[in-house]
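Shared between the two complexes below is subunit A, which pairs with subunit B and subunit C, respectively.
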Partner chain A sequence: MDLGDDFKVSSKGKRKSYEVDYDSLSQSAVEKSMRDDAEHIRGILGVENDTAKLLLRHSEWNKEKLIESYMDTPTKVLVTAGIILPEVDPQSTPTPIRTQTSNSSSSRRPTRSTSKLLSSLSSGSRSSKSSSSSPTNHYSPPKVSKLSKSDEPFVCPICFDDDPKLRTMALSCDHSFCSNCWTNYLASKIRDEGEHYLRCMAEGCALVVPDGFIQSVLIPEPGAPIGDPAEEAENAKVWARFQELLVRHFVGCNPNLKFCPYPSCTNTVSCPSAASKLSLTTLVPIVSCGARGIGGQTLSQSQQSLGLQGKEHLFCFGCPIESDHRPVVCPVAKMWLKKCRDDSETANWIKSNTKECTNCQSTIEKNGGCNHMTCKKCKHEFCWVCMGPWSEHGTAWYSCNRYDEKAGQEARDSQSRSRASLERYLHYYNRWANHEQSAKLSVDLYAKTEKKMEEMQITSALTWIEVQFMKKAVEEVEKCRRTLKWTYAMAYYLAKGNEKELFEDNQRDLEKAVEDLSEILESPIEPENIPNIRQQVTNKTVYVQKRNEIVLEDTANGFLDGRWKWNATVDGFDDPDPSAIAL
Partner chain B sequence: MDARLRRVNKEIADCKNDKTSSIKIEMIDESPFHLKGSFVGPEDTPYAGGKFEVDIVIPESYPFQPVKMKFLTKVYHPNVSSQSGAICLDILKDAWSPVLTLKSTLISLQSLLCSPEPNDPQDAEVAKHYMTSRGSFEQTARYWAQIYAGAPGGDGKAVKQVDDEVAIAGLEKAHVDQFESLGFPRGKVIDVLRRLNYRGANVAQITDDRIVEELLK
Partner chain C sequence: MTSISTRRLAKELKEIQSQGCPVGIELLKADDFATWWFSIQVMGESLYQDEKYTLQFRFDSQYPISSPAVQFVVTDGKEAPIHPHVYSNGHICASILGNEWSPVLSVIAVCVTLQSMLASCKKKERPTDNDRYVRHAPDNPKKTRFHYDDDE
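Then we have the complex of A and B:
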């Protein structure tokens, strides 16, 4: 019976145990689900679209919490989200800059008709206010108004422009500014500060600028007089950036979603199975956003001629490592990378080339001379060979006849433990680093392979499609080296035992197969043995592919079964058996 | 004309025309974007009567980004660095609004001197001093205002040179003398006592041994 139909499977068919289910979403797809959420909220709460959007942003897209709190105290929610102004005694909100503050804050509600009345009352104030003709309530879309002649000339309180043709705009708080200042303000906040929650420009005003207002400021309405094209292009860019910031905020609030970390990529990946921290101990959520290459970067000549669109955007959904770290789970991969960073080259050199004074633990490098060491710091005298105190040697040090002295033995023990631990680490590190290096050289290998593919098309009767086996082989080698690299990080932390031996057997088989294939790919090509090579490479590629699957699948199953035991404390796993703890 | 230039010129002009205010803004050189502001210390504070000068730099995106200000005159205040004059004030950071002007910002600085915010300090040592013994803090702040900001002080000249350092650090002469007599250099004693905030109620809490220990470090 095929259970596959009952499960959601990826487009590639049956999902392997080392793969996770995920969906790649474009920016517009994410925007659509944002719109759906806003629509949902709009329907339930009966508010305007812009209000729904601001409410959702304010509640970090937690719909349930938003609906609950809105049902309880709608006014309070609207006030804290910056959608309406709080009901306060006008006298208690002094705003030092605007002289007509008390009038404007009382005039903001309930309708424009009263506000008009009050604005005529405040005609004695220094800066006058714009007034619009249509009666609107305080959720109103932007008010764009030309000044009526009866009012005192409007002076923008920011740029001090008093051009009578000035276009002014205000939120429902009636703090009017000229449209140029609005544009500059919004652009500065969005572009330079990356803010998406923008407040009114007036000091202390808590109203948040709704999306519709921002759009009307940045994007000229159809039929509007044509402005400076460079400026309009810049504003359109700011508007696009604003959209992106909203998407990023939405994605950041949702644990099922993650933004593609590749530069200038705007795709999002949805992977609900890896959303909880606990799931990261049983699976390695390597996902791809579906895009390739780096936006705006032109591909090199060789890459282009190979028809490569650049690298696939592979990344881990569970941790910040921006590459495929299968088969190792995130906590182990993170531990390993941290260890590699901490145990830098310097530390390695110190550990392999120096010894510690057995008395004061100062690090000493012996740079020549005899083995009678005198510590510069504590003046302790000891033998470099046996690390025992020099006093026990007397004058007959050559035979080091006190070799079994207890003091010397202990000193050597602790020293050799530290060396052994270092050697163990270096064993794994060197192999790890080697595979990383080889994977980096794969670009060269691509170029070489490309040349070989051309040669083959010339020297043999093979067509373009028939020489693709070379490219496939190179890609497979690179993929397997990535796996191999991480198997060393895994093996370093695996507790000794049968499981580890089986793991290392699989690792060895894969490594051998990869090296064999690599060698064939690098060897010179004679026209007469091309069919032979083709046969060999194709066979080996299939074999390598299989070995890689075995390693990935077996390791992934091991995580699902909880089969792997560690020799160190790993985040999210049980503490290791004391006997298994490595040096 | 460039909106930023127009705005700054108008701000400078407005300030010049306003004869009643104690706020002044002057140009340092030809550029209207690097200015020097000054105001008088508010009445009924330790800063009363002093003239406080402020360095003003107008950024490219002014007035949509806040103006950069720091004190040129040394000020003893929890929200002002006693070393660099850097100011911790919300409107110079996230609470900035484009409707604020140089003048209103200087007025805010003036009122900052009236109402220190020691829970959000710029200078932790000064803030500690303020929290533990207000009287001693005010004395030191007044002394600083007298010697750096030219505030009128009754006994400004009577203070002996040797005690200046002690007063600037806001410490008691007797305390400094006590540890100096143990053979430690005076400068070091002042440094350690200031760091430990050896003032007011703290004096009873910090043992002499602790101080000697710090002095020996």
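Then we have the complex of A and C:
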């Protein structure tokens, strides 16, 4: 498909190695390219516009294949797409086996439905394999409506309405029904069943309702008498839903396109570079559809204060994870999430919400985003994650991010292999979960801080701008914790070696920077120390941003170079070296 | 829009009462426009000779745009016929009750189709997945997404 050309984007500045080229499209932009395709087919095949649309939909928007098969056997293609009726050989019209004992008065009633029903039994009930009627000619178009139209007043075969003023409508098969029944039928198919490929209401009729017909049923023509406004509004909604279903079908048929997964968003993203499964081993296609916010959802106060109601629609083009999982590629992220779902419902998870002070054994609950804990009772300072004394973290030596393989070996000596494997997993899982939790807590903490700063703005000489620096910092912390979170998923699966060590070095540097910034954000704020805090926060924010770039860039480059080796079998990658396989 | 389903069912009922049912089919009970019962019997030579079954039709307000929920009655000592497309709980796997339902079909048309489904049966047996299906089947057979085995 040549959509790539149609959707050409002007690349915004220089793309970073962890970013992917994509374009976001509104529903009307997608509709335009659908129209262009239909126009193209119309020109080449010389068919009506509605026919071109149905042909494209039937061939799942594969233009080449459609043109080829249409050139070969146009009639067959038109019949299978439900655009024209098949030629009927009068010889093959099945004779009814059983008819109702009919008297003259019953002729108005569609007795044909009984006889025709029997004729199509082999296809209808699918019960008799022995039936000899061939699938190509079992269908016989009834010619009732045309005759009855002239002979006797029209009775809608569905609602049995016989009002002479009844507006009747039929496709080219001449199966006439009243416009009310058409409206109900189309609305129920579109609204309740989400169908966009709608057939004639007559039993066994394979004709598909063209767009123009649907529109004429649902949308009154200009100048038509004004109907019930509520009904018209409902029909307009059904018509809009039909348009959306068509767009969704088009997007679903095209591997270069993906529909935005956010609720009630109708945008589409085009990302040809991530269309193949193979590409997902070298890049993480995080995209945004361009829209922000979620229609109709109420947000908590802290989210509102952070401007989260305007959060952009970030999602992964390559997998169903609806958030940014950089720097980890889709197959690894998927493996990790599956493992977490399977293994994490353990007491260890509950354990990670409360811990005992290593000095006085008081139970402590974490209530802020920072890992630097100070026991309220004995004033012992320690790290929430590794439980080691905090003094060791403050200096150059910082060992919290790394699973100590030596300790692991000792554990194996005394304990079973499975225990060691669980410990290894929990090491990564606890850090993963901690970053997720801390990111949430930072946002909550910020809500409190912001309130305080607003008060200070009133009581002191500070301006609004001067108290805004925290916002950027909290946003950055949240973003970096998301990166850190996924680096633990990555490290869990990375094979031991120099590459993993370098990865964990970068991870450690980012983690240290983020924890430092987090700590400053939690320091008590008084009017007199604001300039000082502001200076520190601004500096640290810039630094954290830089460290995050490094992790993302280096990991992305590693994927492009094929540098990362795994300790487990990962979809799309070479099998791991046997010596690297984790226990 | 209850009027359409009510008007349509009233009309169908009137025709049944005035013209009678096709041979082998009898109306047992139709006191309202929500649930009807028919008895069904295969005439002539077949595997189901001299056997009589009860069919239940349930209609929602969308009838006839949406199909009726049709099943064999398996309570009060009644049983469903043994047929490769009929589950022991009475549910029927027939495309005209699902994706091939058309609003022009009628209650009688469905009865006739099911009658000939039985008539053409070559071997009395339950569907292969009967036990699994019956264990988890929803109350309303319309909620099942049947896979029509003999589809082309």
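Basically, the second predicted complex is superposed on the first by the 404 of 583 C-alpha atoms of A that agree within 3 Å, B and C clash if a C-alpha of one lies under 4 Å from a C-alpha of the other, contacts with A are read in each partner's own complex, and residues count from 1 in each chain.
The rule is simple: contacts are C-beta pairs under 8 Å (C-beta built on N, C-alpha and C of every residue); 3 or more make two chains touch, one makes a residue touch a chain.
Worth saying up front: this structure is predicted, and the values here are computed from it rather than measured.
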| item | value |
| --- | --- |
| Which of subunit B and subunit C A:I41 touches, first, second, both or neither | neither |
| Touching partner for A:L55 - first (subunit B), second (subunit C), both, neither | neither |
| Most subunit A residues touched (candidates subunit B, subunit C) | C |
| Partner chain(s) touched by A:N184 [first = subunit B, second = subunit C, both, neither] | both |
| Which superposed partner A:M201 touches (first subunit B, second subunit C, both, neither) | both |
| Contacts of A:C319 with subunit B and subunit C, given as first, second, both or neither | neither |
| Subunit A positions touched by subunit B in one structure and by subunit C in the second | 97-98, 157-161, 175, 177, 180-181, 184-185, 188, 201-205 |
| Residues on subunit B engaged by subunit A in the complex (per definition of touch) | 3, 6-7, 10, 61, 63-65, 91, 97-101, 104, 107 |
| Interface residues, subunit A side, partner subunit C - complex | 97-98, 100-103, 106, 109-110, 113-114, 117-118, 121, 123-131, 135, 157-161, 175, 177, 180-181, 184-185, 188, 201-205 |
| Subunit C - residues contacting subunit A, complex | 1, 4, 7-8, 11, 15, 19-20, 22-23, 62, 64-66, 83-85, 93-96, 100, 102-106, 108-109, 112-114, 116-117, 120-122, 148-152 |
| Residue numbers on subunit A that touch subunit B, as the complex places them | 96-98, 157-161, 175, 177, 180-181, 184-185, 188-189, 192, 201-205 |
